[in-house]
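Below, each structure is written out as structure tokens.
Paired with subunit B in one complex and with subunit C in the other, subunit A is shared by the two complexes that follow.
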Partner chain A sequence: MVKVFIYPTTSLILSDMVERWGHKPLGAALQIRERIQTPGFDSPPLQMTPEDPKRGLRYAAVEVPSGVRGRMALLGPLIEEAEAAIVINDADFSFGCMGCARTNELVKLLIRHRNIPILELTYPRSEEEGVAFVGAIKRFLKGLGEVSA
Partner chain B sequence: MKEYVPTYVGTVTKYVFVDSPDITPQTLATRAYEVSEGVMIKETCFGLQVTGTPEEVDRLIAHIRRMDPHHIFIKDRGFPPGDPRRCRANLGGARPGYYGHEFEIGLIRFISHGLDATERMDEQDYPEARNPRITGPGLDARTLKRLIDAEEK
Partner chain C sequence: MTGKVRVAQLSCGPEHSGVQKEINDAAAAVDAEMFFPDITLADIRKNYDEFGLEARSPDLKLAIARAKALVEGHVDADAVFIATCFRCAEAAIVRNELRRYIHENSDLPVVSYSFTERTTSGTLLTRMEALTTIARRRALLAREVQEGLTLGVDSGSSTTKAVIMRDNEIIGTGWRPTIKVNESADEVVALALEEAGVAIDEIEAIGTTGYGRFLVGEHLNAVLIQEELTVNSKGAVYLADRQHGPATVIDIGGMDNKAITVQDGIPGTFTMGGICAGASGRFLEMTAKRLGVDITELGPMAMKGDSKHVPMNSYCIVFGTQSLVNALAAGSTPEDVAAAACRSVAEQVFEQQLQEVDIKEPVIMVGGTSLIEGLVHEMGELLQTDILVPPQSQYIGSVGCALLASGFRGGRSDESV
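Coming up: the complex of A and B.
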């Protein structure tokens, strides 16, 4: 089982397919769950504390907005943990749900710097593209299984 | 500052999305209750949310996925169901994260078709994806220098 970082980190499609073919998807929910289940001071809604932007300094400079550093405190450890990654490049909703274009750019940069196998795709817009999309992910994940075995 | 005492510690919550011509969230919930054995199940408009220990949830998911494997999709969730920080009953408007799901559910029929088709195909027959890019470990400096030197000659 390989730990596969997914981008967008909240993607239903990627999360399902990575798990479906026997690997572990690394998405934002894992980090949120860890914070939500850890006792401490009440800091709703995501239990992000002032410590998190400090942890984000590992990935972004101090003059970078605290929002970027806070997000990197969530996503940075996942990128470090990842053994492979699948990236969808035209994920326009990530501006809403994941929130921050600068963080998204930094996340993609850090993934590419990790020297791990990366599959980059765009969302399918037809049934034919759906077959190609699923086929590319299936082939990539199967290849990871053979490498790790 | 107020003390925070978490609930449902040690559990996992997963979304189960169903986009099937044959199965509704209600039939999915009924089947899930039959094998729940302590897993908390919440029926929603798009499917279910299931909460329990990781082993229990995995067992339940494996069971209900078999009902229609190409039309049932699973995803992790950070919050337990009904959490006042996320539940729209408390906040008003759509739940944060809803728009991402709404966008992807609009494309999920293509994924279902892809799952169906690739199951009947050999790996070498998969069509090429639009703009795919597979990157392995990056170009090392020595190889780059060799390429530059080759260009200059």
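Coming up: the complex of A and C.
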């Protein structure tokens, strides 16, 4: 069993796939519903406090916007804990969505610098691409299983 | 309007900054409630594409889509609050464009704000109060004539002012530095009563504004306790005789600055800055002290100087003062230094605040600093317009209060009309 960081961290589908192939997903799986009634796409389930952006200073300097630092307070420890990662670029809102582009840039940079196995894919736009997409994730996760065994 | 004011929130980052609770608390304190316009994923894609502003952050795309839903009437709201993280350039562009878009395409009062994790409900309170006042008290703000005998008290951070008005005329004024809030208020009220030749029990209605408005309001048993954004707007257009049509009101105060666009005497958009003392009247007070002149002499002195002769390396109240001291040591004239100080304050307000409102002429400067003609001159140069300074502009808040309070005489209210 490998701890796999997922991006977008909110992707319920990705989290489910990682779990289905016997690994532990590291993310904040959240169902992105058809109707958005929360302040943001990736509204945290619990109330965050002004202390959270301060904890995020470990990952981003004080001149970085507080919203980025607050998100990093949640995601930074997961990135540090990760043993592998799956990164899906240009994902549709419904697949999983993180509200802040600047945080997304930082998250991807930090995960790429971890020197762990990473699968980077572009979100599929057709059925054919979708099949190849799922196949690539499956092969990556199975491969991780072999490495850890 | 009765009941809670429903304020639509368009934002990016407040939850992860830990300040969503502060926003909710500020709204609750003025009997308003925040809500997040309900919108579908399909509408987000459509509205964002149609708006035409490219943003990479999904939450900013969501904010754009929600703004469009509000303007097109798909979502009902009484007011709009736009908030994004301080120091995020992408968010700053979206914030400004949404504020402008909503202002130009709807009647919804809107305020925008950039927060940090240090933002508190107290910081947001005056803005939220003004926003809900505009939504809730349009009938009150429509008042154009003062009637009866009323008193307005402006308990500001630097000075306390009082004005007594009778049948649309100022008949008494009082002005003192703010020391102990209630005692200073009592002093200025006594001065105004003396000049007006009336007794306090003859006053039919009292209104208070400024930082000490709640304390003084309770102390004087005021019928109207109102934040300074709406009151100053009202006072400005009343004294400048510009009650109809557009106007922009600039008030550089002792502790914060306000820039307000007004239409027919009712504020539309506004900004309120209070982060840097270098952009406040305090900096000019310090300059006057360093030059050994009274603050009232600084303006005429600045008019004789040329600000371009003194290099200012910083807008900071500490380092800016250092630049002025260095200039004096290098042989600059006090007149040039006074002009440079006025330029520095005007530039900073121009760069940091006036960019967030759409300047509409006439531009009216009010408050104590509007009496410093060097500052008014520099602001006019920057805005390329003639600035209007109404008579008695230092009493703007008190006049606005006396005017609006007259709608509450005899236990009645403009709002019930």
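Following the convention adopted for this analysis, the second predicted complex is superposed on the first by the 127 of 149 C-alpha atoms of A that agree within 3 Å, B and C clash if a C-alpha of one lies under 4 Å from a C-alpha of the other, contacts with A are read in each partner's own complex, and residues count from 1 in each chain.
Simple rule for what comes next: a residue touches a chain if its C-beta (ideal position, glycine included) is under 8 Å from a C-beta of that chain, and two chains touch if they have at least 3 such contacts.
All values reported here derive from a predicted model rather than from experimental measurement.
Legend: residue contacts after superposition of the two complexes on their common chain; A:K54 is shown touching subunit C, with no touch to subunit B. Applying the stated contact rule after C-alpha superposition, one finds that A:L12 touches subunit B and leaves subunit C untouched. When the shared chain is aligned, subunit B comes close enough to touch A:E127, but subunit C does not.
Within the superposed three-chain model, A:C100 lies in touch with subunit C and out of touch with subunit B [touch as defined at top]. After overlaying the two complexes on the shared chain, residue contacts for A:P39 are found with subunit B and with subunit C alike. Legend: residue contacts after superposition of the two complexes on their common chain; A:E80 is shown touching neither subunit B nor subunit C.
Touched residues of subunit A, counted separately for subunit B and subunit C, are more numerous for B. Of the two partner chains, subunit B is the only one that A:P117 touches; subunit C does not reach it. The interface of subunit A with subunit B overlaps its interface with subunit C at residues 32, 35-44, 47, 93-94, 97-98.
Within the complex formed with subunit A, the subunit C residues making contact are 9, 11-21, 36, 38-42, 44-45, 55-60, 62, 84-88, 90-91, 115-118. Residues of subunit A that touch subunit B in their complex: 8, 10-13, 15-17, 19-20, 25, 27-33, 35-47, 89, 92-94, 96-98, 112-113, 115-136, 138-140, 142. Subunit B meets subunit A in the complex at residues 1-6, 8-13, 15, 17, 73-80, 83, 85-86, 96-97, 99-101, 103-105, 107-115, 117-118, 121, 123, 126-138. Subunit A meets subunit C in the complex at residues 32, 34-44, 47-54, 63-71, 74, 93-94, 97-102.
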